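Across the two complexes that follow, chain A remains constant while its partner is chain B and subsequently chain C.
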Partner chain A sequence: MAESFYKSLDIGKDVVSTRTLLHEAIPLTGTIISGTYGVANIKSYAHGMFQSVYDYPYLSSSANYIFDITTGVGANSAIHASVNASGQKSKKLNIYNQMAQVLMGYDHLGAIQRFDEDGDILAGGNKLDNVIFLNFSRLLTKDEIKKGTFSLKLGANAAYATPMTKLLEITDASGSSGFLVNSPVGEYGILFAKQSTGNPLAATNVKCGLLFYQAGICALTSSVLQQLLTTPVSASATGTATFSDLLTGSTIDTFANSFRHRINNLQFNNTVELNSSVYFCRVNHNEYNYSTNPTYLSGSKIRVKTQTSDLPVSYITTVGLYNDNNELLATAKLSEPLKKSSDTEFTIRVRLDY
Partner chain B sequence: MGFLDNSGDIILDAVLTDHGRKLLAKGDGSFQITKFALADDEINYTLYNNAHPSGSAYYDIEILQTPVLEAFTDNAGSLKTKLISYNSMNLLYLPVIKLNQQTVATKFHTSGSFIVAVDAETEGTTNNNNQFAVGYNGTNPVQGVIFGETLTDGSHIRLDQGIDSSEITARETLDPDLIEDTYIIQIDNRLGKIATTNGDMVPEDYIDDDNIAFYTVDIGLVSQITDDSNSSKEAIEGPRGTRLEFKIAASINLSTSTFLFTKLGGESVLEGKNVRHIDSIVRVTGMKTGYSVDIPVRFVKSKLS
Partner chain C sequence: MSLYKFDEDDLFTNIIEANPEYRFYVQSGSVFINKTPHLSGSNTDNIIGVTKGYMSLYEYNIDRPSGSFIRPFIEKDGHRVTLKTRKKTSYNTSLGFGDVDFGSYNLSASISRYYYNTATRTKLFALKNTLDEYSIHSPHYQYSSSFGDKNTQIVNLISIPSILYGSKIKKGSVSLKYYVSGTLVGELKDENYNGELIQVGPEGSTGSGSVAGVCLYREGFFVLTGSWSLDSNTIQTDANGNSKWIHYNYGAHDGNTIAATTVSASFATDYMGTTRTQTLTMLAHAPYGELNHSNNPTFFDASDVQGIGTGSFQYIEQPKKIKNIVHSKFSDEEPEFEKTTYISKIAIYDKEKNLIGIAKVATPVRKTEDKQYTFKLKLDI
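Then we have the complex of A and B:
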């Protein structure tokens, strides 16, 4: 095709690459997690190592997978030895070690690092050995969880039947200004628990876990529903078992069911890193004033002119971006026709996102 | 595709085409945008009313209200009618490409399209016409039937280029910038291929992901129109440029199998014979002016049983 159809872009002047961070709010109401669909949106597996939560009964094609719940008990945990046969001891240990090696990495001797309460591994300090993991789907977190936006409200009333009459809130309040970078999977922040309704916590703003932003994983100490409360909560509808009891004597599935029962609200903002190329298509006054549209001519006469001296006019609806071989790589449509004549010039800005 | 919201500011809806995604996935650097083109695919210029009673500001009011479709990702379905730049702003006439049907050998079949007989049985022969053939009427080739297997005898397609207006005499010389010396022919490669009027096959440039073969043709198929008279054999009334003549060869699939006829076509009666048929379009575009013509073509195969 003749070059009169195509105009070359000056790569130095007409093409610009940009990077934009987009954020979406992700609100997950507790009722979806703990009751709206009964257990139809909760998928348990024969291996029993984790439980998946969907936003709709998972057998439906409309369902979206939103996160997994599991728990791990490390070898250094005070309760590790107490975990009995029905408590999936080895699986809880395997989960702990797997998550720790991925999220915390290894020390200089190649040993798996334990989860550290304040992220200051060199200083020692408190370790998190009994951990609840919430692994969010990529659909929700996209490229990462936006720092400083995470909020998880848990029902902390002692009675199992009325968990939400007291609430505590877990946030990464410090995340927007302070976060840690000594994890092999990117940045993470410290989670703090604070009072929300009914003052269930023994102390407020207490460290209770880690939030891995790029990995989209929340690692929460199980103490948050036990030792950190003034009154440990009941984890069983039929008995007086606490979450510690479930860690030692129940399956991961049972533990996850009880934990879901206490999720009141969960929300965060995600982040999408949008890389764009912007192409400035500059149309000069003497360009693109005629059309090859079959309706442009009546016989051979240009319809939009009645005499030679009339300005030629065309109407732009589409921009095509091509490579050197004149292969169409991208198209852009204007929302309405743009009138082009020899007394007008335009720069049409076409943005392609990757 | 839906329409774009045109209630507010002008927005741009941009997408990669299927071919663009393919090149991007290759990762070999072939995805490199270096140029752009503009098109007016949705515009119907017959809506331009230069006799509007409210004045010139209203001439194009209906055109400007045209709703625009969302972008297609099919690279073959976009930018069908491009905008073009000419140095002169004083052009009042532009050349067209027009089927020349002034002779029996280049006329449509009476059914309103060119017929491509895809095998020798369907073509028939002068001396030994069989009961299934549609190519001959007695000893004469049937008007508008192209012999797609043997490429002998029969019709061919002829297009003339120039300014088709009685307001300019044919004796005027066409501006060299407006004379086409090269054309692009697009044809569904599953159905047919392009051949010269002598029956020599023309090599295609490439076949795209929608099975459309592209042929760039010039000398051999293109010749200058030298007749500047008012001859009834000419299709262009005004100054004339070039002529493109070619035949269509049936693909081997169509010649030897009924599979595509079953899948893409139907059955009908042609010249009193039962045939299988597939309707298609051959597009011819001028390289210089971008003017294009869609030629209706029906591929037919006799029902031997």
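Then we have the complex of A and C:
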């Protein structure tokens, strides 16, 4: 047996913590959201406050929950007073306030902070008071949405029956470098709308919402399908209602149905942080050259040392990590035994992911 | 927010052992897991995105066309961390630093069968030491004994991946049924709980009471050697002849072709797995007279605007009135004030007061000064 069976790790030299980022590409094609399964993968609730979207008919145990859609109208909105009884006025207000207080927090007077178009709250500027919310599932966003990867394509043709002949694309183009940190729920980026097909936007690269990376929530102004377009789109298959009309006179479910109808493509990447501790286990030339394994001896003699001139040899198969009280915490196995003799030295790198 | 410390009577660590049931049904080369039919979708012929007869390990890409799969990726950098499916040589030679390495979530697992009637029997030979080790439970485990030499006799090895049983197959739960034209011609059970697979049915059948093989509970294998005829019908399996235990599960991912007479044979494998889940139970107490104040802005009466006194050397906030939310049946009379809060979540902190977990109650719990509660929090670890 080597002279020191337990060998202490020097915390300063032998242990290092690292962080690795693992990503997933999440493509959510529009047809899943807007039609492949009809409404079998769309769950509406009796409370009528939001709609849940699944990737397969939700009655199947195979279905995965993808995201929720809802909308909110703030008290400062120009259309707030016009929201009628069938438009779920109080629910839309409650949703706006609930989302705003969670995502934006409170001001110095304790009032709920409104969604700010450019995230610069002190400077004032435009506020988002009519907002569409997409709350993505934790299964998809994991630790956070990867900054700069979000893309949502919306059909922006005026006719309801052929929404995808004109497309606009919403991205967090500035997210990779220009994200903001003044939200209680972490970092968020500004969403910009740009032309994709058929130039439906009145101006390109206009701010149209906020994307909260760690919370996994997209807050989109409803103007993106109305005031920001050269021609506001139809939100109803049967009439001429616009999305503004749906906000004031229709339920959240009806609004969500019309919005889903115009989702062409949605994709982003997510991020998972893998935290690791690396332990450098150093084996000096004069250590671990013997073994207490019963097979190491044959007839009370060391099996590998039959001549006095033979070098002692052992095979390292496992590294045990112990705590201060010499209690075994973890073992690391080598893929194949490592031959160790007095003329070799090793540093075995043990990585622990958590 | 108030902080309380758990004492030793508030924390319990337990292990929950569960025994989920599994069933494989094999017929005509098709494998059905847990009675789940093969569902075709709008985009794929099997909605879970893996070959029929296999279970999906992630179940991420449900009925998705190829090209729009959710998939993991990682950039090659100095950490040299990559996905497990990437081989070391390929990682070193095919990828440059900064390149993106994509993986797949369409991973699968299922039962498989290996039929050994020649000298080459690699997978079986790898189990020689394991089989011999278990011979203390039954001599039928022995690789070579008076009951037969597994190196020369025909052996039917059924392999079950550990994701389909957990840490071990539960002893006494194994049942292998052999059907011909829908009629049960043989059933094996480990009724002695020692790994011997004994033919227990149908009553009076040929070989009834005989040991047709053994089960490796921890490793997930059935080693079948029973070579007596179970009925008189001639069907095409490994050989054109009678049904025998060595032909059990014919067509279960073994690469064999299915003949016209094969379809009359079907096989049902039932067993229970074992999973052990450690759980931490924490008891959080809300005592009398405590936790009756909130810093939530809605805790105060909105109509009571907070007065602020300022001067050259002072900034004084006037006390705010707490909103009285005590229920009253009368609209013209305010009920007697009672401090009331609603507990909606319990946060768990570590020794350095870092937030490490949050437990939410299904509906907020009303807390007044004359009420006390104990919340039971359970965490799977």
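Please note the rule applied: the second predicted complex is superposed on the first by the 261 of 354 C-alpha atoms of A that agree within 3 Å, B and C clash if a C-alpha of one lies under 4 Å from a C-alpha of the other, contacts with A are read in each partner's own complex, and residues count from 1 in each chain.
What we mean here is this: a contact is a pair of C-beta atoms (placed from the backbone, for glycine too) under 8 Å apart; a residue touches a chain by one contact, two chains touch by 3 or more.
From a predicted model like this one, the values you see are computed outputs, not experimental measurements.
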item: Chain B versus chain C, judged by how many residues of chain A each one touches; value: B
item: Chain B versus chain C as contact partner of A:17, first or second or both or neither; value: neither
item: Partner chain(s) touched by A:274 [first = chain B, second = chain C, both, neither]; value: second
item: Contacts of A:238 with chain B and chain C, given as first, second, both or neither; value: neither
item: Touching partner for A:64 - first (chain B), second (chain C), both, neither; value: second
item: Which of chain B and chain C A:309 touches, first, second, both or neither; value: first
item: Which superposed partner A:55 touches (first chain B, second chain C, both, neither); value: second
item: Contact residues common to both interfaces of chain A (with chain B and with chain C); value: none
item: Residue ranges of chain B in contact with chain A within the complex; value: 4-6, 10-17, 19-20, 23, 30-46, 48, 50, 59-60, 63-73, 75, 78-79, 81-87, 89-96, 162-165, 167, 184, 238, 285, 287-292
item: Parts of chain A lying in touch with chain C, wherever the complex brings them together; value: 18, 20-27, 29, 36-37, 55-56, 60, 62-64, 106, 110, 140, 269, 274, 276
item: Touching residues (chain side chain C, partner chain A) in the complex; value: 39, 41-43, 47-48, 59-60, 62-64, 68-75, 79, 81, 102, 297
item: Residues of chain A touching chain B in the complex; value: 1-2, 4-9, 11, 15, 277, 279, 281, 283, 286-324, 326-340, 342, 348-352
